[in-house]
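Each structure below is given as structure tokens.
Heads up, the next two complexes both have chain A, just with different partners, chain B and then chain C.
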Partner chain A sequence: MNNCNYACGTADHTVNRRLFLGGAAAGLAGFAGMTTPAAARELKSAQKRMLVIFLSGGVSQLETWDPKPNTDTGGPFRAIPTSVPGIHISELLPEAAKRMHLLTLVRGINTKEDEHGRGATIMLTGRRTEPGLVYPHVGAVAAKLLTDKDAELPGHIQITPRGGGGFNKEDAAFLGPKFASVTLGDGKPPADLLRPAAITTDAEREAFRKKLNDRFAKSRRSAQTEAYTESYEQAAKVVSRADAFDASREDPKAADRYGRHDFGRHMLLARRLLEQGVTFVKVSHTNYDTHHENFDFHIEQLGEFDRPFAMLLDDLKERGLLESTLVVVMSEFGRTPRINDRYGRDHWSKAWSVAMAGCGLKAGAVVGKTNANGTAVTDREVNGGHLFHTYFRALGMDPTKNFYPAGRPVPIADPKAAAIHEILS
Partner chain B sequence: MAIEIAKTRLLMDLKHGRPLVGCRFDPSGRYLFASSEDDTIVRFDLLTREKVALVGHSSWVRGMAFVSKPTLVPAASIPALAVHGGLGAVRMPEPFTLLSGDYHGNLLWWHGTEAAPKPFRTVAAHAGWIRAVAVSPDRSTVATCGNDQLVKLWSAADGRPLATLEGHTSHVYNVAFHPSGTRLVSADLKGNIKDWDLSSGKPVRELDAKVFHKYDSGFWADIGGIRGIAFNSAGTQLACIGITNVSNAFAGVGNPLVVLFDWAEGKPKLLKPKDAFQGTGWGVNFLTDGTIVGAGGGGQGRIWFWNPADAANTHTVTVPTNARDMTLHPDGTALAIAGANGTCLVYSMTQAPAATPKK
Partner chain C sequence: MGSLRFRIGAFALLILVSPSMGSEPPLRERIDRHIAAGLPNYDAIAAPIANDSEFLRRVTLDLTGRIPSATEARAFLADSSADKRAKLVDALLASPEYARRMQEVFDVLLMDRRRDSKVPRAEWEKFLRSSFAANVPYDDLVRDILSSDGADPKTRPAAKFLLDRDLDPTIVTRDIGRLFLGRNLQCAQCHDHPLVDDYKQEHYYGIQAFFNRAFLYPKPDDPKAVIAEKAEGEVNFISVFDPKKVQKTTSPAVPGWKPIGDPKLEKGKEYKVAPKKDVKPVPAYSRLAQLATAITADENIAFRRTAANRFWTIMMGRGLVQPLDFDHSANPASHPALFEMLAEEFEKKNYDVKGLLREIAMSKTYQRSSEPTVAGKDLAEDRYATAILKPLSPEQLGYATMQATGLTDVYRTELAKKYSEEALHAKLASNLGPFRSLYGTRAGEPEEGFASTLDQTLFVKHGGHIRNLIAPRTGSLVERTAKLTEPSRVAEELYLTVYTRLPSDEERKDIEDALRGSANRTATLGDIVWAMLASAEFRFNH
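Up next is the complex of A and B:
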């Protein structure tokens, strides 16, 4: 089995709120020179959001969106009809099948990368790993382009299965730490978010703090002090909105619908964050790296995934949010059509699938096709670049525009690819 | 012929084009039925080497069992016995019924000796996979189990549902009747073995085989299950096989293990391969001399033999493919494994016959 590049969850990746604020402050300075105000205004007015559900380890396309039953690669599961006549998906996704009319399937993905870390990079940045330049993750790009300057909550949040929070400045790359993700490990709020009970919040004390701060700024004002002041104020906003991170405030009936397990809770939190105005949320569900007994493990993992995913689609639809929220279910890659001698499937990037929904994508549609036993793409082959273009077109942005880190133009999406126009409205 | 496990040798290899999932000798010993990833069951005729595909399932078959008359077990006294390499098989088997359960939850009945068997009855038995099928010693009752966490009893004669035994809280991997016919055991993913009193349909005790189960916190998934199960003929011992010591569920890194229960007291004894083999045990059985035989595989396959008094096995046979199932020939001197490479390998556990001198 190849080594996996999963988040290690060590203390090295964990910072508390104070460190987060420090990073954000640094980001403010870095961000200032890279804004594209016209584009930002364009997007802010549309109030678009994005949710990525990342099935870590590489979910099998044959056990999800592109089943090949009764072939030499098909495995033991059925393909079941969906709410869209003619479209079948795996029997392991019965709830998703009932929502096929909300979904868009891309079945012709060939990312040509079978290693976990590099595969994830392609899917999250829309580009292959390049020496000398690190591209920002889709969440950072979305946060930069879509998040209102006065937003009270971070624009880029990821919910991971394991505990421990953190601030991941590396995933924003040249966009700066302001757009980096904040990790809510196991869906828990950022460290030190809640004010200790012993510390009061009386107005007199706050006024005194401001007075001292202003006096210091008058004599030693600098970009750095401005950044720290702004970051403090941003942090104060986050603290004032601490309830946004608390999924336990949701109706217990909703928790029942989503499922009383970690992923159900994480998906409910994702809905809450999106509703509260967070631009980009990524929820990771682990693990699908099934080199051994692929079928048993996909029963277990997809059995947990299916219902919360369906419930979130329902809720977004019911609340009128699906029109403005792009939902993407992705992995690093798919899994081999060939079943190995331990009933496993290995890494396979040559022909696999992604499911999307919302934000004006053509619902109930399938684009791309694989051959009879799923070993190759036979129609409308696309890669991570095409997907990245498609995301931002759906979000109302022009992904051919540039960022300008250090004055150098860098296209938002890979210029060698283009959006999958067939599924854009 | 006397069993000499140290003399275990490959008797024949029976090739199919697709990876195999399960295998069972029929009660006459003439046929070997092997299920495949192509959804068929292949019937190998051990005397003629004829291969017949049983087509009717639409998914993989793991569970197979037979309903037959009790006189079919070949013995040296049967005049119609044919012998191949020391392995006895009845030339003209009495008709028997094959029952097979698939991963779509369907239980199919076949006339096993017909030239081209077709399923004559299909029962939608379980929601999801059927993982095992067993027939009671009096041949009246069929037991099935599966991923719906249920054990079900059926009339062997007409397929009527007789009872549903509820209580497992995870996939039920295996089921076996006690030789007395009064009790049934069912074993699940988490290593819980329920001992059911068939007269009341109630569980009377649980045997602990949790050593087979692990929740792998690295991959957030359960691995375990009793992959093979068997009583000895006297009903004094119950053997279970699976995987233990799992350090990486998604790569299958763990060790095969047999848990041998003293049936009266329910006390377990762990029987381990002495070669620290990494993989899963998929089949277990008792030889007539009390030896316990297990088979399984990882990168390749193994057959292990244990003296019940010893914790480590006494003899090991290397198999050139992952052994996904094992069946014991009714004459007691041979076994077969279902290979992931699409081949059924039949091994004799007897001394090879002396070569015939050339005239």
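Up next is the complex of A and C:
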């Protein structure tokens, strides 16, 4: 018996029958869009933003948000009190602890997937990997739903620790390459964004290009030719805003506060991009895959993470942006409560945590619970689908609505899950 | 004199045509009649026949994937013979570039720009290319693809379709439906298609039953794996909408046709080679062996409809049924009678691909201008009153850019006596990479729609690749035009090379003005060439 892979058990199919047939008859192919008036209204609502801090490799929940000191699984670190009475987190996050009143912790995550790639898929798309269908990443969905159509900058940016920059067509799936991420490898702008020195002036050739297009358009034009010619105007806007990608223009004092290391620089760049109007930024911090020497590595990694994270929260708060910016600290999964014989912790998706902040989430709150030594969720178990719903509810969107790739309704978030309503305002 | 020649010609034609075709006019004319019947006043509204430049560029791109050189353009424009279009089409279809173009189109169609996993790209491309060069009937080609188990090195390349999908039941079922039957049955996996009455869950599993016993031997991730099969195993399915959860099963079936039952075999005689550890089993009866024949069978109308529609789309830029993989009764063809006729004709002519493409290319429908008449301006595309503007494929765009900037001709000159299409292509291939990776769709996903993205635009605007192609070198367009003193000749060379047409007076003047005010002639010419390459007239086949 083949398992049904689709979220088809809902009434969506029948509801959208008329729409689908209309679309097919009109010969629309390959579109993916919100089609209801309510959705259109939402698109015009106040600009909201999202920041994902992705701790690559799988951060230990026990060394961060859900410590279990003095148990067989707890490891050597203490739990420390936070700015919210009664809530304790690991002593490796002293700065975050002081900002607990801004944070919301989800401690009952069970994603049932211990492999890096598939774990990341669950966390970034809110769904399990399915053959034959690829879902868009949260950044592409956010860019699609939240970015103003006149926006000058791309809506979906990721900052990776190293490696080349570029454009990733994969992560927008059926939403189309427009919403795919632009990658800033080590925080550097994509190669062809800046005008190379060899091209001294762009104005004359641009004027000539426009003239040629205008002449052609007099007798021959289509939606596609217009989209093509317009893409040059859009590119010119991005190029003119290229300094949005340049964190070195920030106050050196801010750079000192964030820390003079790669992650500090990347977080400062993330703040800059969000302030410049980019809808979605994902910053990756690596590497938490601590099969060996889990504790040493977490001291080192979290030592780098804690301060820039706290600084960014402070800055967003101070600038009044935290109310409209959703911040999520996630991983592909957590780490085993059991400590292996190399003082490591292995992949573990059955009971782990995510931290969130902003965008009207209940601050200083904890939802979900694990047992005494962290080996199982005992209260309010959630998976990637619940989190995905929660993000978009917080961002003011209705995640139960559909996209329509090739005319087929695909719910924005997994219909088998729902938002964690307790932490929504 | 003229009329005498005409009479001789007409007489010869009559003799040639009448015995073989009877009273039936050639396919191209029947296409035109059906299209004209699809719109009242079609003849008054339809765009005129495209001029020689427009036709030359269009058909060269469609049949060989590149634009003509300035030399070819000059020769065609100067040719005054009445049958020069027919001669051109025949020459293009006979050229090795035609086979290359079809290889590229069908590679993308069948493999969705997947990364290689089991069959190396070069072998697969060679298989496709030689099939199209030899004009292998399309049904034979599809049978080759669906019947190879990859064990024989000679036929292994054809197995790429199944092998590089790892025989994944969901993907293979979806893609057989999409590509060979014109129906995307993915939504019928869990229940009858909720939106398309014709698509049933049993159709989905009927296709899957052809290969549900097949598996990759010795193991799926072995790059040398072949397809093996067991003698047992059924597909079982339950509709998620069925409250009683009745489990159903089906033997292999082409949608709409009777399932092909398994023969009754004596117990113990199910295998020619029984399964054992490290032994590839061979069943006495193979379900998979029925697949290729069943899909391409004469009675399976869906196959020829889909085949005809795919070739029509390559030429016309739009399917008679659109989307191409949603052929069902509630989504009728734009010209139902034409669609039926085209499909039947294709089958009757033994799936002669070149023959079909030739007839489409010689139809008035194909040869209409892309400039609409006043009355035709707001007509829907599917009336075919005006030629549809087709964005160049990544490959077409790459080859066109190399041809326009002069690189292709530089290579031709370099190769001189050693020239062959293969040798030239080997030189061009490395320059094609960025076009494929930037303009191609996501690996493993079907091409759909058109998008112009920031990375593509920045690639044209600032990228070193385009800049290097434009840069002057012996024989390149900028270098050639820089040597010309007469501004009007410069304009001619630019427009013929990049746009395959002569410039208008106004356009000649633009070039003249730009050069007159220029302190650096080479730089100005570089800017003009860039602007032409970045323009819509170049980006689209029109």
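In this section, the second predicted complex is superposed on the first by the 366 of 425 C-alpha atoms of A that agree within 3 Å, B and C clash if a C-alpha of one lies under 4 Å from a C-alpha of the other, contacts with A are read in each partner's own complex, and residues count from 1 in each chain.
One rule holds in what follows: a contact is a pair of C-beta atoms (placed from the backbone, for glycine too) under 8 Å apart; a residue touches a chain by one contact, two chains touch by 3 or more.
Remember, it's a predicted structure, so these values are computed and weren't measured experimentally.
Asks: Name the contact category of A:319: first (chain B only), second (chain C only), both, or neither.
Replies: A:319 contacts neither chain B nor chain C.
Asks: Mind working out whether A:112 is in touch with chain B, chain C, both or neither, as first, second, both or neither?
Replies: neither
Asks: Tell me which partner A:238 touches in the superposition: chain B (first), chain C (second), both or neither.
Replies: In the superposition, A:238 contacts chain C only.
Asks: Between chain B (first) and chain C (second), which, if any, makes contact with A:261: first, second, both or neither?
Replies: neither
Asks: Counting only touches as set out at the top, which of chain B and chain C does A:421 meet: first, second, both, neither?
Replies: Touch status of A:421: no partner.
Asks: Could you say whether A:339 touches chain B, chain C, both of them, or neither, answering first, second, both or neither?
Replies: first
Asks: Tell me which partner touches more residues of chain A in the superposed arrangement, chain B or chain C.
Replies: Of chain B and chain C, the partner in contact with more residues of chain A is C.
Asks: Which parts of chain A are touched by chain B and by chain C alike?
Replies: 1
Asks: State the interface residues of chain B toward chain A in the complex, per the touch definition above.
Replies: By the definition above, chain B touches chain A via 18-19, 37-39, 58-60, 102-104, 128-129, 147, 171, 218-223, 248-252, 279-280, 297-299, 321-322, 340-341.
Asks: Give every residue of chain C touching chain A within the complex, in rising order.
Replies: Residues of chain C touching chain A: 168-171, 174, 184, 186-187, 189-191, 194-195, 235-238, 240, 247, 318, 322-323, 326, 330-331, 370-372, 380-382, 388-389, 391, 441-443, 445, 448-459, 461-464, 467, 507, 510, 514, 524, 527-528, 530-532, 534-537, 539-540, 542.
Asks: Across the complex, what residues on chain A touch chain B?
Replies: 1, 57, 69-70, 72, 76-78, 161, 286-287, 289-293, 296-297, 299-301, 339, 341-342, 344
Asks: Which chain A residues qualify as touching chain C in the complex?
Replies: Interface residues on the chain A side: 1-2, 4-6, 8-9, 13-14, 16-17, 20-21, 24-25, 27, 29-31, 131-134, 154, 166-167, 169-170, 173, 176-178, 180, 182, 190-196, 198-199, 202, 204-206, 208-209, 211-213, 215-217, 219-220, 222, 224-225, 227-232, 234-235, 238-239, 406-408.
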